[in-house]
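Presented below are the structures under discussion, each in the form of structure tokens.
In the two complexes below, chain A is the common chain; its partner is chain B in one and chain C in the other.
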Partner chain A sequence: MLIRVRLFALARKQTGLAEVEIDLPEEATVADLKARLGSKCPQLLPLLPNVMIAVDAEYATDDQVVPLDAEVAVIPPVSGGGPLP
Partner chain B sequence: MIEITAEPIDHAAVTERVRSERAGAVCSFLGTVREMTGDRRTLALDYEAYPVMAEKKMAELEAEARQRWPVIELALVHRVGHLELGDVSVVVAVSCPHRDQAFEVCRWLIDTLKEVVPIWKKELWADGSEEWVHPGLPKP
Partner chain C sequence: MNTPTFDLLGDRAASAPLSPPEVQRYARHLIMPEVAMEGQKRLKAAKVLCIGTGGLGSPLTLYLAAAGVGTIGLVDFDVVDVSNLQRQIIHFTSDVGRPKITSAEEKLRAINPDLNVVRHEHALDSGNAMAICAPYDVIVDGTDNFPTRYLVNDACVLLGKPNVYGSIFRFDGQASVFFPPSGPCYRCLYPEPPPPGLVPSCAEGGVLGILPGLIGVVQATEAVKLILGKGRPLIGRLLLYDALDMSFREMKVRKNPRCPICGPNPTIHALIDYQEFCGVRGEEATTEAMAAASNGTITPLELKELLDRGDAPLILDVRNPEEIAICRIAGSVVIPLPELPQRLRELKRGVPMVVHCKSGMRSAKAIKLLEAEGFSNLRNLTGGILAWIKDVDPSQPVY
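Here is the complex of A and B:
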């Protein structure tokens, strides 16, 4: 399945892209998606350990399955806070 | 009232919106664009949001605040786009029966907003460089 991944702030700057499409097998998890994202956009590799992934506008955990047609986004740490929970 | 806007924020109007005859206290917080960070000079800031998620997270903050404190009215407004020095980037305004509650919830709202709401800022430094501010992220 093709998943649309939105990129913001430094993730957008480093790739020059506002979104990328990632091909994922069904039942793939957020961790799988991060791995594919890193291979497709190596510029994101230094960021990925410290970003959150949002699935359908909600913070997701690494073991969460990415649903078909999900809108996924890379969420770098936000301005005012420390590391995200 | 939850809003993300590219227009200048009329903070007095936002504060006025939360006033109520049931309230004994109104607390407003403004975040503004600061010139100096240590010895570095800022010319301007660019703010970017993931709007759908940011509005959803702000609505969740309102719901949690209303659960934990006797909030009468509440407003969260964040500006995005290009902001000049001194511009208001964010307004939190809240009314409660008593001042202790109003101070407490206002503080919690701005602190939590800055941790969980996906809105980012880019520093446009006076030396001509630009930098996305991502606490905890290694510098590129």
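Here is the complex of A and C:
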């Protein structure tokens, strides 16, 4: 199944893409999706251990199964704000 | 939808009656049932701590002061730099070189002379964070680095205070309210900090100047709602804003049962060493070791001498094209660090090479990479192009 993955912040900057499509077997988990994403976009490899993954607009853990037609979001931590207090 | 409402102030609001001039000032609030006299008295009695008076802190403190929040605490020890003015609207051109906390305090008092500003003019650290945060009702996080972000999170969880979170990067913004046990904390979303140097700060990655305006105002709105105890707070929801796309998305986030600080079996019971937790000290050491392990360094003046003697080494600039457009050492070869592994063929082997970036971090990484690929005779330009401009070519602009 083809899964649409939206990339945010640094994930978008590193790949130059706002969205990628990942081909996943049925019953694949979020961890599987991360692995596929890493091989499709190697620029994301260093980021993936620390990103938050949302499946259908909801925080997802690594062991969660990615449902058919899911919309996945990759949300890396963002440091920015004001000056160093 | 059944988010509980909060009463952060208890009966403190009752002891904050409004004077006739205050009634006039807040007239547009007082005629709305969601605020009214009761709510305006709550705002007057409320104490909000804002960590940082930069991009996020500027709009949010300006609006909180205007809205009638009685006490605003400011944490900052930085000085206004000209490159801050593009987004930190509480600071004016005439403030460059002045302490941010003083500049901010003046503007806030000018907006609202009734406001009580509390200055905390030092770095927030594990030793002082609990004492600084304790007297406040709401903590608003406007920091730009991971150690402080985790520190603010942990202090808020331990003290049971709501943490109004916001962060910005280039064209993307995030906001949420972390308030266990009603919702998750920052660690529930991001249990471990990213390796140091991986996620760029605004200084390294850039930021649209207007972006913190929007995110800071979202934070101010959430702070006011928490104080009023009205509406549905951004608890358990992460708001994502994309300025390029002009779109808002919302992600449901929930408490992580394994969260080390707000979970049912916490392992963190007191503040820790956040520099160490985020590997910041380790990173400095690694970069230094990397620089030392490379064939050595060269200062801008030594490089200038070589060029003047006609003994020019190959100068490799590993910065990004946007940075090259600002300043450049004449005659350099440009290959941005991320492209270096694929573009090694463009570099002559066996010739002396000086590698530089903005200040020396990326070039140290480039040298490590080149050495692993069999290149030799490499030197890192100490202090990068910033030092070059300072010591050799002050005619070029810095960034």
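The working rule: the second predicted complex is superposed on the first by the 77 of 85 C-alpha atoms of A that agree within 3 Å, B and C clash if a C-alpha of one lies under 4 Å from a C-alpha of the other, contacts with A are read in each partner's own complex, and residues count from 1 in each chain.
To be clear about the criterion, a residue touches a chain if its C-beta (ideal position, glycine included) is under 8 Å from a C-beta of that chain, and two chains touch if they have at least 3 such contacts.
Note that the structure is a prediction, hence the values are computed from the model and not measured.
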Review point. Can A:Pro46 be said to touch chain B (first), chain C (second), both, or neither?
Key: both
Practice item. With the two complexes superposed on chain A, say which partner A:Ala54 touches: chain B (first), chain C (second), both, or neither. Key: both
Review point. Now for A:Ile75: first (chain B), second (chain C), both, or neither, which partner does it touch?
Key: both
Practice item. Identify the partner contact of A:Pro25: answer first if only chain B is touched, second if only chain C is, both if each is, neither if none is. Key: neither
Exercise for review: Enumerate the residues of chain A that count as touching chain B in its complex and touching chain C in the other.
Suggested key: 8-10, 13-14, 46-47, 50, 54, 57-59, 73, 75-85
**Study point:** chain C contact footprint on chain A (complex, rising order)
**Key:** 8-10, 12-14, 18, 43, 46-47, 49-50, 52, 54, 57-59, 73, 75-85
Review point. Which chain C residues qualify as touching chain A in the complex?
Key: 51-58, 75-78, 84, 88, 100, 123-124, 141-146, 148-149, 166-170, 172, 174, 189-190, 192-195, 198-202, 205, 207, 212, 238, 240, 242, 245, 249-254, 338
Revision key, fill the gap. Listed in rising order, the residues of chain A that touch chain B in the complex are 6, 8-10, 13-14, 46-47, 50-51, 54, 57-59, 73, 75-85
Review point. Which residues of chain B touch chain A in the complex?
Key: 48, 50, 52-53, 56, 111, 113-122, 132-138, 140
